[in-house]
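A, B and C label the chains in the order they appear, each numbered from 1.
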């Protein structure tokens, strides 16, 4: 039993770090623009498909296609912001919520149209197999994804705190009006953030594609959990999203193991609600 | 209390008469079914509007109340033989109770935080119902086909009674919405929507009025749920408590015009036929084309009519004067 | 509040409605018999719905054309007793929603004037769709939904051709007893794992019922959400319960996820016996060799062709039309149009009562089907095909091979489940 307990904790960490990776892009967009990007899960799906097609058509292993995916998704995110989202930024919050939802439906069904609803799974890529360490089994693709998550988070934190553009983004997050007064081009910051946020979830998709099945509706559950993770961690906070992701992963796995797996997501949502009641701005939000 | 001009009263009656005449002219039951859905989602949108459009609490979990209403009346009917009309009221009360229980701790949540909390809450309710043996868990509840009558809230031979009942429900919800909007309560709601601090400085008990908004919204949504159960005669968590349904309700209210009384009805009148008819015309090919159109429609409307299509009709109305 | 706007609103809405009424209304043709088919053609389970559609479409091709096959009405074009009338399937997309099942069934009957219904794969949707057909008095022949409750409702118009999950569950236990008799390998502990919607929970119930009946101990009873991001908790619980055999009722997404997780976490029972998801056409291409040695309940397998050349011929036609082999789903949905067409032909009428009467008299011999059944004959009480039964296939070398009943097996079963490490 202690063996299995360690196994569950390890797996909770691994799935949690994947949640973190999915969430950091979302929290950036949310923090900067105050937009709930309902299409986030679908961008994840696109990231997965990008990785899949690059592998299937051109034989590029997901590990190497990450930079390509990053750039593609960044461009796509920027375009979507420029042509669609920016139009509703000045309008009521509700319109902003809904427009990303419309984009979400459109993208997932565009995927159905072009790629059919069938399920696809990548065959063993460079990263595959399981490691046995101390009596527990660790899936190598999941470990790689976790490392990717840590690297991405660290890079983002560094970018936001140490670079000029990054600091401008942080400033816009904290106080939009003040940022404007300071001469920051908030429109450009918005576009950049949306692009980076989308690119990050594209990277998450590339990692996820190495061990999860790929199909047009795959964004649904991951997206909903990502919202909880972001809100739990505090909007706009990369550190918050990182920690919250791990917490959610552990809660889900341990909750499912010790109680009833059918309730495992209910446990996640419950933890979210309780945390929010105690600390409405999330763990690390302001 | 607002006064209506004679013109408005006549126009209102004319529309209601048109709606009453509709199923007598258009006999095909599918179109009547679509209209019933329009009324039902219109009512759900109006219910949402009371807490979302008026009081600023954007709930993405209305399906939970809808489902609680459906389950309460159905369970009482199946297990204890309670008449569905009584079950309707009990469903509303149950939903309102649950709403206040969840609403209270969420009293200081606003905007996105409230939205996500509502999603979390609704999903918890769905998961619980999906595993709760007493109400059939995942298999749901099937209502038996009994003797049809108004008292039994069941009609087998024709859809017309369902049509008129749902229309009546919708009108009731609109009346409630109107009274809320034009009363002091509505004024307090709008203050709360603006800012909690401002409301408090006006002497408004923010917590109390937020709860009232949620409870009224929940009660009306539950009524629609009972109707659904009596209409479809089969409910399960996957059909009455879906996140997708909650989102659809928000879309309808928002695209029609949140904050206006008729807005959600217009939203329902546009979105429901759009999704039903595109599915019929295009869905069977399996290409997803129907949903593509739907998604495009939503995106375009929220980009160009962010306050809701309501404004569009207002513009047309002004131009034609 | 501007009253003129309301008038505009309603008039625009009504005119839109009338336009769409035209768009959607039926156009009738000469000498065509319309049958309605409700399936999830878009949405989460669309790949399965489209798979079922492939089976149905091929069946209609065969009925309407002239083929040298031992299938009812294959050798004639259309229905000979009705002047060669052709079958036309009118599809409707349910999106997997029971509410749509009901409304589409009604629309197909009242607007499109179909004379019978088939579908809907998902038992929850079949439930509401058939409630509607029962209300409107239209025959419904189902060959792809497996919930036992569907034929326990005392419906007059609903018929089921294929086996249901109760039969499948019992089969799996019968296999264990037969295995013991044949090889002396004993099994004591069973773990029951099932997804938590209608299909899974009913299958779970059946598993537990027969475990008790056959004298096995259930050491784990786990229900889970099919659409999960990760199943390590579930597999962890399975591992600590140390079962001899796992019985799993799943859809395809969870089948894929669990298979990968079983391998990852080294879950090593003596046997894994499953339903549904593991025999979906998308499963093996996804998991490839990891699916080997898993046992699945089935009504159809390509290796039946050894004893039944008809199977090979039908599969050839399927391959020609779609480029892939016939899957179990497509095979199940394949039969319903034949049953209906044959009944309508015998009844020489499309009146519902006549069709129902003909269905009660249906007696299609087994060699005119592509299944390992004695035939198709409906129980007068429940309208369930009394000869419907399943077989068990095992995935060997990434192919589905019939391994039970032992006298119709193509190859002997590989038991126990070989260790993951040794592959």
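Miscellaneous remarks
Please note the rule applied: contacts are C-beta pairs under 8 Å (C-beta built on N, C-alpha and C of every residue); 3 or more make two chains touch, one makes a residue touch a chain.
None of the values given here were measured: they were computed from a predicted structure.
Of all chains, the one whose Cα centroid sits at the greatest distance from that of subunit B is C. For the pairs A-B and A-C, the larger set of C-beta contacts lies at A-B.
Centre-to-centre, using mean CA coordinates, subunit A is 36 Å away from subunit C. Inter-chain spacing, taken between the CA centroids of subunit A and subunit B, is 32 Å. Each of the following residues of subunit A touches two or more other chains: 109, 112, 117, 260, 262, 265. Residue positions 127, 130-131, 286-288, 291 of subunit B each touch two or more of the other chains.
Within subunit C, residues 42, 46, 50, 196, 223, 225 each touch two or more of the remaining chains. Those residues of subunit C whose C-beta lies close enough to touch subunit B in the complex are 1-10, 13-14, 16-17, 20-21, 23-25, 41-42, 46, 49-50, 53, 91-93, 95, 97-100, 102-104, 106-107, 110-111, 124, 127-128, 131, 135, 149, 196-198, 200-202, 223, 225. Across the complex, subunit A is touched by residues 52, 58, 105-106, 108-109, 111-113, 115-117, 119-121, 123-124, 127-128, 130-131, 243, 247, 250-251, 254-255, 258, 286-289, 291-292, 294-304, 306-307 of subunit B. On the side of subunit A, the complex with subunit B involves touching residues 30, 34, 36, 84, 87-88, 91-99, 101-110, 112-113, 117, 216, 224, 227-228, 231, 235, 260, 262-263, 265-266, 269-270, 272-273, 276-277, 280-282.
Here subunit C touches subunit A in the complex through residues 42-44, 46-47, 50, 196, 222-225, 227-234, 236-237, 239-240, 252-253, 256-257, 260, 263-266, 282, 285-288, going by the rule given at the top. Across the complex, subunit B meets subunit C through its residues 2, 4-5, 7-8, 10-12, 14-15, 18-19, 22, 26, 28-31, 33-34, 127, 130-131, 137-140, 142, 145, 156, 228, 232-234, 236, 238-239, 261-262, 266, 269-270, 273, 277, 279-281, 283-288, 290-291, 313-314, 316-318, 320-321.
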